[in-house]
Amino acid sequence: MPALLDMRIAEETVRRALQEDLGTGDVTTLLTVPEGVEVTGEFLAGQSGVLAGMPVAERVFHLLDPRVRVEPLVKEGQYFVSGTVLAEVRGEARALLMGERVALNFLQRLSGIATLTARFVEMVRGLPVRICDTRKTTPGLRYLERYAVRVGGGYNHRFGLYDAVLIKDNHLAVCGSVAEAVQRVRRALPHTMRIEVECTTLQQVQEALDAGADILLLDNMSLDVLQEAVRLAKGRAFLEASGGVCLENVRQIAETGVEAISIGALTHSAPAIDIKLEFR
Amino acid sequence: MPALLDMRIAEETVRRALQEDLGTGDVTTLLTVPEGVEVTGEFLAGQSGVLAGMPVAERVFHLLDPRVRVEPLVKEGQYFVSGTVLAEVRGEARALLMGERVALNFLQRLSGIATLTARFVEMVRGLPVRICDTRKTTPGLRYLERYAVRVGGGYNHRFGLYDAVLIKDNHLAVCGSVAEAVQRVRRALPHTMRIEVECTTLQQVQEALDAGADILLLDNMSLDVLQEAVRLAKGRAFLEASGGVCLENVRQIAETGVEAISIGALTHSAPAIDIKLEFR
Amino acid sequence: MPALLDMRIAEETVRRALQEDLGTGDVTTLLTVPEGVEVTGEFLAGQSGVLAGMPVAERVFHLLDPRVRVEPLVKEGQYFVSGTVLAEVRGEARALLMGERVALNFLQRLSGIATLTARFVEMVRGLPVRICDTRKTTPGLRYLERYAVRVGGGYNHRFGLYDAVLIKDNHLAVCGSVAEAVQRVRRALPHTMRIEVECTTLQQVQEALDAGADILLLDNMSLDVLQEAVRLAKGRAFLEASGGVCLENVRQIAETGVEAISIGALTHSAPAIDIKLEFR
Amino acid sequence: MPALLDMRIAEETVRRALQEDLGTGDVTTLLTVPEGVEVTGEFLAGQSGVLAGMPVAERVFHLLDPRVRVEPLVKEGQYFVSGTVLAEVRGEARALLMGERVALNFLQRLSGIATLTARFVEMVRGLPVRICDTRKTTPGLRYLERYAVRVGGGYNHRFGLYDAVLIKDNHLAVCGSVAEAVQRVRRALPHTMRIEVECTTLQQVQEALDAGADILLLDNMSLDVLQEAVRLAKGRAFLEASGGVCLENVRQIAETGVEAISIGALTHSAPAIDIKLEFR
Amino acid sequence: MPALLDMRIAEETVRRALQEDLGTGDVTTLLTVPEGVEVTGEFLAGQSGVLAGMPVAERVFHLLDPRVRVEPLVKEGQYFVSGTVLAEVRGEARALLMGERVALNFLQRLSGIATLTARFVEMVRGLPVRICDTRKTTPGLRYLERYAVRVGGGYNHRFGLYDAVLIKDNHLAVCGSVAEAVQRVRRALPHTMRIEVECTTLQQVQEALDAGADILLLDNMSLDVLQEAVRLAKGRAFLEASGGVCLENVRQIAETGVEAISIGALTHSAPAIDIKLEFR
Amino acid sequence: MPALLDMRIAEETVRRALQEDLGTGDVTTLLTVPEGVEVTGEFLAGQSGVLAGMPVAERVFHLLDPRVRVEPLVKEGQYFVSGTVLAEVRGEARALLMGERVALNFLQRLSGIATLTARFVEMVRGLPVRICDTRKTTPGLRYLERYAVRVGGGYNHRFGLYDAVLIKDNHLAVCGSVAEAVQRVRRALPHTMRIEVECTTLQQVQEALDAGADILLLDNMSLDVLQEAVRLAKGRAFLEASGGVCLENVRQIAETGVEAISIGALTHSAPAIDIKLEFR
């Protein structure tokens, strides 16, 4: 099933991005390009990557002029090489010129995330493990960046602080024991929510299991300790590894038997993919 | 003079970022951490870089609880090494836990941009040239990302489509000649605004000069052509180079005599700097 | 632990309620009451109930004038009888008069919900079962109404469509089998989320268990069938009953061994509690 | 003439209600129901009542997908019995599933209010008296709840604090005499506005008449006193009774000759009418 | 009693005006004026007039910096001559420079309206008639412009289309007879609202009286006809004249015995009063 | 080329103006005019002037009902005499009645500004000088008022504090010398922005030229001094005159050789043009 994108939810973000760039109006376009000129442009890849965000780019143009037509030539999630025409855009020249930069800013960033995600996913191919995102997203773009992760073959973690429990070191620093923390949470939490506990030592793993945590976040463990943690906990809780994950070590981490690996870099450090809009 | 940040303008962005993460409330913190517990945390650098965004991080906490105190130990724009404590944060544990991730998301990204900018600035040290940003910013974060560029020693280009004219290839594709485009614009533009014209050939440079452009954007020219363009135009228009700029070639480009070099990567591809918040 | 209310999240709702009532200004108060008159008022109960919403009432006045002081004499969640003074309010007469009705509208509704919830909770006293709310809340007031349910001793279900999965009859009507539906969801769902399946027959219970549902919503079953469902499923999934629950039958339902009973009437049909503001 | 509803004014309320429920997206529907499946559903009454709010329900679906069609089978304001199909809804399954609960939440509440109002109206049938609402409405829903009152055959009082004057006990507690209060108001009030004065004793009735009040709110008077007040004031001011009104005593109150009876319970305590959406 | 201004209602307007002018920041001030410089400025009148809007100007500065102090030397509604210092402003130079123009734009316009209103009021001195505003206000500024009219000694008409009924020629063109229109309205209108009917002939005056209109708007009548209308209607309805009113004829119109004269020019054509902010 | 108006930018202003007037609904129209009645109205000029704002009026109606048709009979910027039908409006009577006043409020004000601007432009006909607006606009209407100035044949100055530098007396009062101020600004300003300096004496003119200002604002100079300033500065900076400009002296000012004359009165004191909407 293709990754799902509800543009109703993303539209406000697109609208704000347009407003940020357009301000009181695109002086260059309004003064050089007359109304009523129809043009065709091509989204052209300047490097290889995995496409994500064409429906967002389309919405950028639609907010400027609902008659603009975007015809994708490459599907969301598909790999492309440099020189590929990703989509054709047809419509009023003014709308295309006004929306060009904003559309590209979304497209380049989201494709960058999808591309990096796909590389991680590729590294663990064949292993029963999920590559996951984190909350280390760009302020204001979380919904879209999570979408890009899914497009790249990855999975999402919780959306924010409100839709799952994750008890971390700083909570425990205040709250005291894992047991105490989990117990307090379980007593009041809706039965529809899961509890995850961050563990950095095997002792914490044991405590979290005893406390009845649903998910363990095995944070920054060496491969040895990770292995041992998996041995201890597998089948009793869902196991997620994180911390210091890179393309070089992700397969080894996956081979310990964890069920998910979460990687902040997917969203906070993916370089943009070079894409241009060229008028024919 | 230090780079200027008007938090009144950035506050809405901070507010939305908090709302995105907090949604209907931080279930973990509310259920594990009682009201009224005071803690002290440290922003700790996990790698070296140039600091940008501490006032933004501070505002994150202030929106949650105006009594939180952030004491910077490193100044905006200062270089730091891994292991440095960048600031101390003191206040209600709940506010610190709820704001931690959002504060870090801003801090890591803005410091990433300042750090990359500073590296480019360092490469052209001693030469009379500005390192500039572009409109290739993250949707919704342009004001803050431009600030981070200044913190790193760079300069800003126009903010958006509304505060300066930049006639690009796609405008010319519709409008026809440079002369025609500049003339149309000059006739109607407020006298407070400048006109910049993108040129990819020497012929366009000549045309833009003849048309009376204030600024030339010398786009994707080889060093030879760039040199020639400078010879032709210097003193008659402000000269800005762009396209394919990287740390390796930026000094050579600067040595051609251009007055500004604009680099999209400053904002679209700067990797985040690793920073954590640790409770004492 | 007392029920938790984050007024940051509720404040926008309070602000809108004030604006709805005040419009272009309280003509009566502005024309009859001079600035600078200090008064003391009492929130007086006209019937017995369980208090919920005094912090909301307080925020109403604070938005009008931050100097108003509300001193609660009864705690959130406490039972009171008719004639009880629930709180004292002191401050500028204009602010008290302008906020009175809005404050009461919140207070009466939320106390109504807490009161009805407490009656259900009382009926199942001693049994290991949660009284839960549903999404049958007043449009725009869900956060506050869920708070009132907790104040009354009840528990919350998922907040909305986004923070847990609940596969209902209408989904199955489109999707086909329970097995198919659960499988599709599990394959793509964040590992932090639970899956609940609505079952109206024992066969569906069996299918949902086989499909690996985390929670079963046993909907509108007779006591006999419910009993059988519990026998079949207890320990393999979390069991929640719903449909046609009233004060008369809630204990019998609880005695079947379900772990939660969800009741729409808590929020959609709780009558307001009679409370007044009287000036001394 | 049917009751009037301007959906332009109500739309923001509908939009917010959808956002509250949908948050970052309906995970269940998106994961179980493919795009492009058309279904037909029926709004089915689970009990008898008076219908109000179908245009609001329709707008809920239209905001999700403008192609959804709602065909009412029962008119706004019409009485229906349990088992009646109130309307048919046709369209994309996803839109119907996402909007179902929000549509029902509006429909059940508004029909509840219309139903209760109609019962009061029925009790005073044949008498020249209006059944009126008050400002005791649900925060944020006043426009729609007032509409539901009209649908049920009732009348509206002032919308809020800004569109008519109502001098109440708490104003008089500060301002002093009725004469003084009315005089101050009259001197500054736009000539398009009416002045109403709350009276609890016959002496206040006399004072308010002498002061030239346009409307008297006869509050919480016994039937005897009310009778006397009517004798005193009828023809000199518009007379409205309120306080302690219920289905049992409303006709007696009406028979005293008052011209309007205002009842808070219409909006603050009307139980929801049981309505479901069932897919064919 | 001084004219009443609720800055809570006006604040959003002030906030938007600041945002309109400040955009992404005051480049001049930020680059020329360091933080922390305290200055004192004077609002200086360049011509005579009646002051209105100083609390609005004060709010402009407070939104930029709550520490700015504005000390009025002339009261709202007071007449001043050219050269008068209207108020002193003290605070951070940056805040004063950023807010100066917006503060003046409000102050000059509102004082312009108050001044023009006061001239009309002066012309009818001693006669029992109100000088009233209309809905011919500047889009977005109605609340403040109505305030300025009161400051100048005038009175307000209805705020908008929602708080009183005014049946005009275009309504009658569709609806048919006055009798029909008034009857339809009366049947459904809240009892707290008044009905006004526009009349341009004596026949319409008679019809409106017969229909029971509360207020007659005698529009564009010659003095003779107006006189006759007053004779016909005085005591049976409140009488308001409008149309073609100017300083030259306002007293004659007033002498016909109408109770109010409404004048669009008060808000749509009052020239701004010349006021400056000068730093000491 | 006709003056440019981007209704996307103006739409929010129109929406707010409608909301201000409509509030909770147009009681008169809803109660007197049935749904479904089609009418035709004419915008009729009550005096001569220059038309501006018909697309804004059209948007007012479209926001109420997208089926309303406005057919302009006079073009934006065209001169008309009293009695001219400016446009025909056809559509649902309710929409026309609800939007009439707001549409007229925009149309009358914008045409007032265009008319006054055109008179100034006429006075300097044949001279190479621009008539410019200032930031002395109505709070919230700057975008539209600047459009009206262009329609009248004038030019725009900077939009706000953010899109050009203008160093004024109050900046210099804090900053010290012109040289210092310009230098500080130039060092940090984007190269796309111009620097303007306000000068009231010839010495300041000399200093500003020496400092390298791009534009000089020659403020409140006598014709003699202005002449001398032009002699000194022409060709070295763009020259703009302002202060005390009126229809009587504008040509003399223009004849000094300045390139622009900026006039606050264009937007702050243009009287509204009398326009009505009459139903056929």
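When the chains are written out, they are named A, B, C, D, E and F in that same order, and each has its own residue count from 1.
In the analysis below, contacts are C-beta pairs under 8 Å (C-beta built on N, C-alpha and C of every residue); 3 or more make two chains touch, one makes a residue touch a chain.
Please read all numbers here as calculations on a predicted model, not as lab measurements.
Considering every other chain in turn, the ones in contact with both subunit B and subunit D prove to be A, C, E, F. Relative to the C-alpha centre of subunit F, the farthest chain centre belongs to C.
Comparing mean CA positions across the assembly, the chain most remote from subunit A is E. Remark: among chain pairs C-E and B-F, B-F carries the greater number of C-beta contacts.
Centre to centre, using the average C-alpha position, subunit E and subunit F are separated by 22 Å. With each centre defined as the average position of its C-alpha atoms, the distance from subunit D to subunit F rounds to 45 Å. Separation between the centroids of subunit C and subunit F, computed from CA atoms only, is 53 Å.
Annotation for subunit D: residues touching 2 or more other chains are 22-25, 31, 159, 162-164, 166, 184, 188, 193.
For subunit A in complex with subunit C, the touching residues are 1, 130, 132, 150, 155-159, 162-164, 166, 184, 187-188, 190-194, 196, 215, 238, 240, 259-260. Considering their complex, residues 22, 24-25, 30-31, 64 of subunit B touch subunit C. Contacts from subunit E toward subunit F in the complex involve residues 13-14, 16-17, 20-29, 31-33, 37, 39, 41, 93, 96-98, 100-102, 104-106, 108-109, 112, 135-142, 159-171, 173-175, 181, 184-185, 188-189, 193, 264-265, 268-269, 271-272, 277-279. Contacts from subunit D toward subunit F in the complex involve residues 4, 6, 8-9, 143, 159.
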